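Dumping the structure here so I can ask a few things about it.
A, B, C and D label the chains in the order they appear, each numbered from 1.
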Amino acid sequence: MIAQTDVDALAEQVPDGALLALPPDYSFVPMALIRALIRRGVKDLHLLAVPISGLSADLLIGAGCVKTMEAAAVTLGEAGLAPCFTRAVQDGAIRMKDSTCPAIHTALQAAEKGVPFMPLGGVIGSDIVKYRDDWKVVDDPMGQGGGRILLLPAITPDVALVHAPLADAFGNVWVGKRHELFTIAHAARTTLATYEELHDGDLTADPVLSAGTIPAMYIGALAQAREGAKPLGLAGRYVIDMDHIRAYAKEARTQEGFDAYLKREVLGPEAEAAS
Amino acid sequence: MIAQTDVDALAEQVPDGALLALPPDYSFVPMALIRALIRRGVKDLHLLAVPISGLSADLLIGAGCVKTMEAAAVTLGEAGLAPCFTRAVQDGAIRMKDSTCPAIHTALQAAEKGVPFMPLGGVIGSDIVKYRDDWKVVDDPMGQGGGRILLLPAITPDVALVHAPLADAFGNVWVGKRHELFTIAHAARTTLATYEELHDGDLTADPVLSAGTIPAMYIGALAQAREGAKPLGLAGRYVIDMDHIRAYAKEARTQEGFDAYLKREVLGPEAEAAS
Amino acid sequence: MTTGAYSPEEFLIATVTRLLPERGNAAIGAASPIPGAAALLQRELTGGAFRVSLIHGVTNNPFTDGGRELFDAAGQGRIDVFFLGGVQIDGQANLNLVGTGDYPAVDRRFPGSFGSAYMYFTVPRVILFRPEHTRRVFVEKVDFISAPGVSPPDVRRRGGPHALVTELCIMMFDRARARFRLESVHPGRSVEEVRDNTGFDFDLPDRVPTTPEPEPERLDILRARIGREVAGTYPDFAARVLGYRARATG
Amino acid sequence: MTTGAYSPEEFLIATVTRLLPERGNAAIGAASPIPGAAALLQRELTGGAFRVSLIHGVTNNPFTDGGRELFDAAGQGRIDVFFLGGVQIDGQANLNLVGTGDYPAVDRRFPGSFGSAYMYFTVPRVILFRPEHTRRVFVEKVDFISAPGVSPPDVRRRGGPHALVTELCIMMFDRARARFRLESVHPGRSVEEVRDNTGFDFDLPDRVPTTPEPEPERLDILRARIGREVAGTYPDFAARVLGYRARATG
C-alpha cells in the first residue's frame, strides 16, 4: 500500500536541485502537480524532457525554478515557440543541454537496465555531440571493425512525474500504451503520480489493464487530481485546450505577460492571500 | 492488411536453417505451429529461447529439426528435465550455446534498437562467458574507471513465433502484458503469429487493448489456431495440462518413447496417411 | 486562394506524393501536415502497399511501445520514408533545427533537433520539406548541425537526404557528391528565382523541367478521402486546406 | 510426515523466514515453493513492508513489462532478496546449474544457468536454498561456474551470497573471506553430520547453536493464510504441504 496524499503534499516531495523527468505534452503530463511545484517555490531543478517538452517545462522555466534543461526540443507545437524557454536560452538564464529524441530514450534505458552506458547509432557528426562532454564516440568496442559509435551515459532522474487516467489503492498506475512512462518510472529513483480515477481492484491482476500498468514498486507517492493534465490533453478523456495554449504563447512573450499568467492561473487567489 | 493463412502454410514460411526465436513455456507458445513445423520436416534450425524454453524446444530437438540451441535454460519445470534436450546435449547431437536470462533479453534489445551490441552488468566470472566467443568483456569504454563490463552482440532472429489470444484483420496481435513478445517481434526480421480469436476492429486504435498489441508492421503472416498453445497454457484462457507434460516427460525419456509420442500427438493419422 | 484549380498546399501535396515509393513504411512527425497528407494520398494510390504512421496521431498511429518505438523501428530498418525540415539547410544537406548565431549563445533559439540526428542516418529516403525558399533558410553553411547530410565511411549510415521540396522547386540530393541538383521548377517560377533565393551552390542541368501540376484524379482523392484521415492529428489543416471538419471528440 | 508438530517443509519455511529483512522486495522464481512460502510469510509478519513478487506467478506477480523487467529491476537495485540453488555449490559459493563433468561434453546435463549469472551480482541478499545436503551437491570446486560467489574489485557488484539453507544446517557466507561459516545445525542434526556431507572446507565456530524450531504463531499464520497465496503458482505444493486446495480455474 502506498500513501495517498494531495497534489501540494506531492510537490513537497520534489527536493530543490532534483533531476526531474517530464513526459512530453502529448503523454500524460501532471500539470496540476507542475503548478503545485511552482507554488511551493521549487528551485534549481534540472529538467529532463522525455524526449521533448512544452507547456510544463515552459512554466517551470518562466517561474524561475530551473537551472538546466535537457531535451531534444521544447516547443508549444502548433502554438509555436515555447516563450519562456526561448527567452531563457537566448538570455543565458538557463543552461540548455541539447539532445536528440532517441538519445534520451536510450540513456533512460541504460538507467532502466542498471548499466553505465548504452550505444546509439547515428548522431555522429551532429554538433549536438560536440557540446556534450558527457557523451563519447568510440571505435567499435566489439573489435569487429563496425566503425565509430556513440555511447551515452545512463540518466537516472531523481524524480519522474506522471499523470495517469487510473490508479489503484495498491499504488499501481495505468498509463495504457504510453510506454515511455514505464521506461521513465523504471529509470527514475522514484515516481510521483497524479491520477484521474481510483480503480477498484488490483490493476496488475487485471488481464487487460495490466499491460498498461506501472506497478507500485516504482511509485513513491500518489494523489488524485481530476482533470490533472489540463490545459493539456489526456488521451481518451479530454483533448488539449489549444485556445489556452495559443493565448499562453502570446501572453508569455514578455516576462510581464508570463507573470500575469502565473498569478492568474498558477498562484491563484488563495496563494496570493498566503504570500 | 496481412494475408491470413492456416497453420501448415505458416510453417512453410520458416526456412530450413533459420534462427528461430521461441517464447518461454509460460508465455504464449504457438504449439500448433511447432507441431506443423515438425510435420513440414524443417531442418537445421538454430533455436533461441527467450530466455528459457521447454516443451516446444524439446519436441523440435527430439524430431531432429535442431542444429544449435541458445537458452538460459531448457526445462519442463515441475515435470522435470526436458528429455530430448538433455539427451541431445549429452550425446552431442546439438550444440548448446549456454546463456543467462538477461543476456538474451539484452541481445534482443540490441537488435530492437539496431545497435551492434549492448552492455550487461554482472555475469563476468561465469563460465558462460568463457565458452561464448561472440561475447566480449572490455574495460569501461566510457573511460570513467567503471571497471570491466560485458558486451553482448545483437541477436536478430530470422523468424519469431507467437500464439496470441487476439488478432485483427489488419494483422495486429494482442499479447497483453507479455511484453517480451514485443521485444522479440521488434528484434526479429519477421514474426509469424497464430491466434485464438479474431478481434472485430483495429487493436491499435483501442484505448485499452492497444497497450498489449504488437502492430502489424512486425507481423509477416497470421493463422487462426484455436487452443493453439495446448498442451501449454494461455493466460486467462486455459491452464497448462500438467498431466500431459508429466506423461510426456516420462514417455520421451527414450528416443523410442519420444517417437511414439511424435507419431501419436504430432504427425497424426492424416500425416501418416500422407507419408 | 487557389492557383488555377488547386491551392498551393494541394500542389505541394501532389508534388511530394510523386517522390514517394510504391511500398514501404512512412513515419510522419506532429508538425508536418502537408507531408502527412501526401503520404496518406500515396497510401490510397498504392492500395495500402505504402503504409503511413502519424507518430503523434490519434488515428493512423500504430505505435504501441512508447516514444522510442519509432526510433527503434528506424534502427531496425523498418521505416523507409521520413520528412525533415530545418531553420537552416545548407548545400551539403546539413540541417539546423536549434538556432541561429554562435551556439550556445544563439541569437534566435528554435525548439531543438528532435530526432533528426538519428532519423537522418537510419531512414533510406528522407525528404526535406521546407516551403519558405529564401537565403535566410538555404545558407552556405548552417550555424549548428543538428543532423549532418553526409558521413565519413567509418560511420554506419543507411539513410540520408533524398530530395528537397520548397515553394519554388524540387532538388535531388547526390550523397556521393554531397550536392543538390535542381530537379524541376514549379509552374510560374524560374531557375533565376531559385538561384537568387538559395545561399548555397547547387548543380544545374542544361534544361530544367517544370514540376507537373497536380493530376485531377489525385486532387479528387485528396479532397474526398484524405481530410478525414488527417483530421484527428491536424484538425486545423484538415479544415482549412482540405475542407474537412470533424465533429468534436472528447 | 511431521517431525513433532511441524513438517520438514514447515521447518525450512520458518528457518528461511528468519533470514529475511524487515522490508524490501523479494523476487521468487518458478521452482521455489519453500522460499516463496517463506517470503510470503515474512510479508504477513511485517505487515506488508517486505514485498514479494512471484515472477511467474498467476497471483502476487506485479511485473507488467515482460521477462526482462525482473532483471532490469535488479539492475536498478530494486530487488533486495533472491533465492538460488544449484546442482553443485562449492566453498566459494560458486553455483553450477548447467551440468556435471567436463563442459561442454557434460556427463549429466541440467536445465541451465537461468538468471543466476546476473541476479547473484545485483541482489544484495541472495539466499542459497538447497535441501539435499550431500557431497554430491556441496563440492570442493564446481564443474561449471554458472554464477561466481565472489568477484575481483574491477567488476561492479552490489550483490552476492548471504546464507545457505540445507536440510542439515544454516551457513552464512563471508564475502570478504570468500568462505562459509556454519551458523546453526538443525534440531537432531550434528556438526559431524554436516562435515561428513560437505565436500568443501568451512569455518566452524567453537560453539554451534541449534536452529530454532518454528514459532507456533508463525506456523499458525503459515497454515491459515499462505496456502491461498501460493496456490496460484505452486498448486501441488499448496495442497501437499500447506493443505490448501484451490478450485479449478480456467
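The criterion applied here is as follows: a contact is a pair of C-beta atoms (placed from the backbone, for glycine too) under 8 Å apart; a residue touches a chain by one contact, two chains touch by 3 or more.
It should be emphasised that the depicted structure is a prediction, and the values quoted were computed from it without experimental measurement.
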Most distant chain from subunit B, judged by the mean position of its C-alpha atoms:
C
What whole-number Å value describes the gap between the mean CA coordinates of subunit B and subunit D?
29
Hey, how far is the Cα centre of subunit C from the one of subunit D, in Å?
58
In whole angstrom, how far does the Cα centroid of subunit A sit from the Cα centroid of subunit B?
36
Please output the residue numbers of subunit D that touch at least 2 other chains, ranges allowed.
63-65, 69, 71-72, 75, 122
Among the residues of subunit A, which are close enough to touch at least two other chains?
106, 109, 113-115, 120-121, 146, 149, 177, 179, 182, 210-213, 235
Dump the list of chain pairs that touch, please.
A-B, A-C, A-D, B-C, B-D
Touching residues of subunit A toward subunit D in the complex: what are they?
1, 111-115, 172, 182, 186-187, 204-205, 210-218
Note which residues of subunit C are touching subunit B in the complex, please.
25, 48, 51, 53, 59, 61-65, 69, 71-78, 122
Under the stated contact criterion, what part of subunit A meets subunit C in this complex?
24, 26-27, 50-52, 71-75, 77-78, 81-82, 85-86, 89-90, 92, 95-96, 98-103, 105-106, 109, 120-128, 131, 146-149, 177-183, 235, 237-239
Can you tell me which positions in subunit C touch subunit A when the two form their complex?
30-31, 56, 58, 63-69, 71-72, 75, 97-99, 103-122, 144-148, 151-157, 236, 249-250
Subunit A contacts subunit B in the complex at 106, 109, 113-121, 136, 138, 140-144, 146, 149, 151, 153, 176-177, 179, 207-213, 235-236
